[in-house]
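Below you'll find a set of structures to go through.
Next come two complexes built around chain A: one with chain B, the other with chain C.
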Partner chain A sequence: MTALTQAAPTQAKQRAQRRHMSDGALVRLFIFPTLIILILWNVFPLFYSLYLSFTRYSVIANRAPEWIGFSNYTAILSRPTFWQSFATTGVYALLSVGLQTVLGFSLAMLLRQKFKGSGFITTLTLIPMMLSPVVVGMFWKLIYNPSYGIFNFLLNPTNPRLATDMLANPVSAMLAVVIVDVWMWTPFVMLLCLSGLNAIPDYLYEAAAIDRASAWFQFRRITLPQVAPLLLIAVLFRTIEAIKAFDLMMGLTGGGPGKSTETVSIALYRLAFSGQFNTGQASALAYIVLIIIICISNVYIRYLNKLRGE
Partner chain B sequence: MTATTPRPTFEQSGPRLPVVESIRVDRVHPRARIAGSVRATLAIILSLISLIPVFWIVLTAFKTPTDVTAIPPKLIFEPSLTGFVSLLSDMRLLSQAEQEERSQQPDLSWVDQIALQIGRAINGPSQYARQLGNSVIIAGTSTLLSVVLGLLSAYAFSRFNIPAKGDLLFFILSTRMLPPVVVTIPIFLMYRSIGLHDTHFGLIMLYTVFNLSFSVWLLKGFIDEIPREYEEAALVDGYTRLQTFFRIVIPQARTGIAATTVFCLIFAWNEYAFALMLTTQNARTAPPSIPSILGSGGIEWNTIAAGALLFLIPVVIVTFALRQHLLRGVTFGAVRK
Partner chain C sequence: MATITLQQVEKKFGSAYAVQPMDLTIQDGEFVVLLGPSGCGKTTTLRMISGLEAVTSGKILLNGRDVTWLHPSERDIAFVFQFFALYPHLTARENVAFPLQAQSVPRDEVTKRVNEVLKLLQIEHLANSRPAALSGGDQQRIALARALVRRPSAFLMDEPLGALDAEFRETMRAEIKRLHLSINATTVYVTHDQVEAMAMSDRIVVMSAAVVQQVGTPAEVYYDPANLFVARFIGSPGMNLLKGRYSEGVVSFGGSKRLPVPAAWRAAVDQVTQGGGELIVGFRPEAASVRADGELEATVYASDLHGGFSMLHLDLGHENPIVHVRASRQEIYPIDALVRFSLDPNMVRFFDPRTEKALQPVAEVAL
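Moving on to the complex of A and B:
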């Protein structure tokens, strides 16, 4: 009897151990392919380009990379055109993310209460963000066309040519890009706000109504704080994307007129893949962009954690 | 005695202080109802305005070049397929005499007739047809790969204790935050030295890597929601881990897999920067080639619109099929409804 009761646990333990072992093998089998290709295609290139950023090198020159220390970084940081492209990216990010936040949140407030067909309407508004930015940019060129585009026609139906040619001067070209980006991505902010709004428990509003709180007070003290974390996630995602912005400008303006819509990504592309093919400097610029994105994400994530902690 | 006493009515047992006003939550005030319908109308109008560009792409795709550049813009016109035909075929201009001769031929196919309307003859399929084919191959294969690999890793991350799990997951996520342009330079050099530049395989692997981070995160969220008890019960019944994975987890994660597949497909389908910088001819996909569709006489907008429309239709269908999962997909699985 005692032998039996002792045998059973050891057997079970053994079996468990055997299963545990095979679990370990299974985990390795399941995870390693992913990790290996991520390392090959992401980690290796990152280190490689870090190395290149300290060298003088061009992909078209038949010469080995030559170590020059921080020269690439100082060269970039001392060149006004790069500061200009950073400024352009900043203005673009600020304008488009700002507008998207305000519009997206307002739209979410409109669509908050379900009505007949509201689900269908919500889905329809989501179509723009699933489209390819470069194709969208290309097509908006036709919409902005000063003589036969519908944008100017809708602005001034009697004589569309009197309205400004959106893509011809620096300020309006930036505005044109921002409009397209806002058109594409406001639905994204709206979607997140909507899910935040739907998650607010009704009893908060009921309690506020019983306390006879004003609508404004309810909005300030219930709606806004409850939606804030999700709104912040939306803003974080959009800011990162805006800093990465490339496709849309390439389709719509190609960075022009002049350099007025040349974001960092486009400057980087030009530096790396046209003219001099200055691979070393382009790598340095790429690293600067990378560090900026990491810093911004960290600030947001800190703030988000603080919001959630409260 | 107590049994016969009538229950106290609300008036008798109510609050000590007199209620001056009451707030009814079960009936909607007429003002609120009007506000609701105003909101609904406003929402419908705004979303219709936001659809004008999409609507305009559809209209332009069916116009002839002359209708596209008409002033004022035409809303009503005779639909034509010239845009699609010139998009998908390589054409040459016909002289006046050739045109007349061709129009006499009785056995012209409908495609040839459309080409003839704009004074051209068809030589064969165009580059775009090929590029669209490349898009299908590359997006399809990379999606399959990233979903399969993602599913395996997501399951392992969801169910087992893995050392430094949080760090690994964050590492996987961070690979997606890099701007494509940053990654392209070293990838370009790497591909050039090992002969993967402008190959289908090179682009497929790159898209797979970019989508993997996404598919791991999204699928992990879906698998986390499947109760572990199912698998435990199966394990007790003598299934092996691998069997539970195939017979329990995969069927339970079906919707998650479907949603992930489609989001990966959309990314790979729409991707532009990598394709622009890492392909030239052989493996070029549709997005970098749509802006370079140029007709003989300047930009043929109807052709571009046709290209865009052909390219957008799958995405629009998918948007509707996916509306339940959109939120999760676009936020990397971070937010669920």
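Moving on to the complex of A and C:
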């Protein structure tokens, strides 16, 4: 009797072990599908486009890629229009990231104080970030419309038509795109800064009060260094995004007027998918952008590590 | 250097008292310990003195100057926190320099004064480390250095040793005491550790349940507790407290256990019990001595060796609590053995069971 009752659970256990896989097998089962998809969609194109960047090749021509060495790179770097698109991207990144940093940090300092409805307001300010960039481009186009848009009405309430048409003038078009990007992404910088500010323990400010530090001294010597790592991460993310900026311009200006808002990404898009479909040169340009982003990120990360450790 | 005066200072959170109205004067150069169990209001009192916490009512004077509503930075006091509160992104040296830089002290002088303090506390070798890389003891040394470097008129310390290992605590206790003796600055020190309070203080303020129970020197608090709370709280173990019935100069604890009341106390005891009634007798473990002709009889409940001496736990029977008595290390008392002990008449105290307050010997009052 006792032997029977003991045997039954042991058998059940063995059966269960046969049915179930080991932990390792289970881990592999979950990882492999993702890994295969990643290799097909990310790793393979990455290396294939690197190969294509050294060839003369067009996806619409029925010809095999022809190896031409660094010719694509020299062609791009010697053409002034590309340098102009780099400059446009730089100006855009500098303006929008700079403004986002200042505004985002200031907003975070304001929303750090808890008041009635501060949680609700914080949530509200995050809404622009959640919209699709193309949608944002479309409705800001309406806002900027010189005849019936609210932006020009605010610029000149009596006769909106007399105010500048934001999207028609090269300088104001750049400004218009920057304004939209700042409107959309300041909440992101604010969110990271806010979490950084909230993580500063109160006792540091108590100690500073005892140490007779003025509000400005506390801000400079405690608040800023404590938030700096998160602020820097926000700036890094936004800089990378700004260098890759594409959808917002596409929706708002299409790169115009003229080439005034044509960033590298738009130049790249034109090279790859309109007119000659110059796949080889487009790949080379994509790699140049990648190298620039890696260099900038490295500078940031190095500075970040210096802030954290030493 | 400063005197600190608290006049009817109180703190309420909602309708609950964190600190009931208290008066206290701390003399220049004095080392005063606020002692009590957690939640008794001692830290709140300290934070009110520092200005980190606003008073509900009452006045705080520093050197006669009313600072009740001044910001902590305007009070010229230094505060040492239980969990150090060092600036984590600054090195030890930068932490110590912080209060000077905040006051725009010239660079040369900052360097000079920081070096002096680091040398005084013997932590020069830690100057370039960040707090996270240091032990609790070293972090607290840096926090002390940061407090010292300013040369404030008073030091407030909130359980500075509370977060340290037992081993470190002894060393740091000695260091803080030495420091106090060498600079002789007014210090208010909060702790829940009565050994620490005894060892370091000039005066102890015993607090419990938001109320000051007694203010006195360590000896006063130990030998003459003002009430039953202080009697139980101070000392380890606390004072032995036996409830008995008093009549005609003798307290009886059931059966034949009787204790004659010393002559100095008789008038006071007579007055409180109105000639006869319940009375609480208190004595410290070292007030009792085991001897063949002792007036009280008990059985040994347990005995344990405390290194230099043994502690006997004696059962008097008749629902009396276990009594702790100090005995010589050499003698061995088997469990359940019958022993007799007597009490030193100078070290016996009496308490009124209704008010829980200590009685005062009438003879002393007459003096």
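As a working rule, the second predicted complex is superposed on the first by the 288 of 310 C-alpha atoms of A that agree within 3 Å, B and C clash if a C-alpha of one lies under 4 Å from a C-alpha of the other, contacts with A are read in each partner's own complex, and residues count from 1 in each chain.
Here is the rule we use: a residue touches a chain if its C-beta (ideal position, glycine included) is under 8 Å from a C-beta of that chain, and two chains touch if they have at least 3 such contacts.
These numbers were taken from a predicted model, which means no experiment stands behind them.
Once the two complexes are laid over each other on the shared chain, residue contacts for A:226 go to chain C alone; chain B is not touched. When both complexes are overlaid on chain A, the residue A:67 reaches neither chain B nor chain C. By the touch criterion defined above, A:49 reaches chain B but does not reach chain C. In the superposition on chain A, A:211 makes contact with chain C only, not with chain B. Contacts of A:240 after superposition: chain B is touched, whereas chain C is not reached. Once the two complexes are laid over each other on the shared chain, residue contacts for A:111 go to chain B alone; chain C is not touched.
With the contact threshold set out at the top, residues 206, 209-210, 212 of chain A are in contact with chain B in one structure and with chain C in the other.
Residues of chain A touching chain B in their complex: 19, 22-23, 26-27, 29-31, 33-35, 37-38, 41-42, 44-46, 48-49, 52, 59, 107, 110-111, 113, 115-119, 121-136, 138-140, 142-143, 147-150, 153, 157, 160, 183, 186-188, 191-192, 195, 198, 206, 209-210, 212, 230, 233, 237, 240, 243-244, 246-247, 250-251, 265, 268-269, 272-273, 279, 282-283, 286-287, 289-290, 293-294, 297. Those residues of chain A lying in contact with chain C across their complex are 203-204, 206-214, 217, 221-222, 225-226. Every residue of chain B that touches chain A in the complex is listed here, in rising order: 23, 25, 36-37, 39-40, 42-44, 46-47, 50-54, 56-57, 60, 68-73, 149-150, 152-153, 155-157, 160, 162, 168, 171-172, 175, 177-190, 192, 205-206, 208-209, 212-213, 216, 235, 240-242, 266, 269-270, 272-273, 276-277, 287-288, 290-291, 301, 304-305, 307-308, 311-312, 315-316, 318-320, 323, 326-327, 330-331, 334-335, 337.
Chain contact summary for the complex, chain C toward chain A: residues 50-52, 71-73, 77-79, 81, 83, 85-87, 89-90, 98-99, 101-103, 146, 150.
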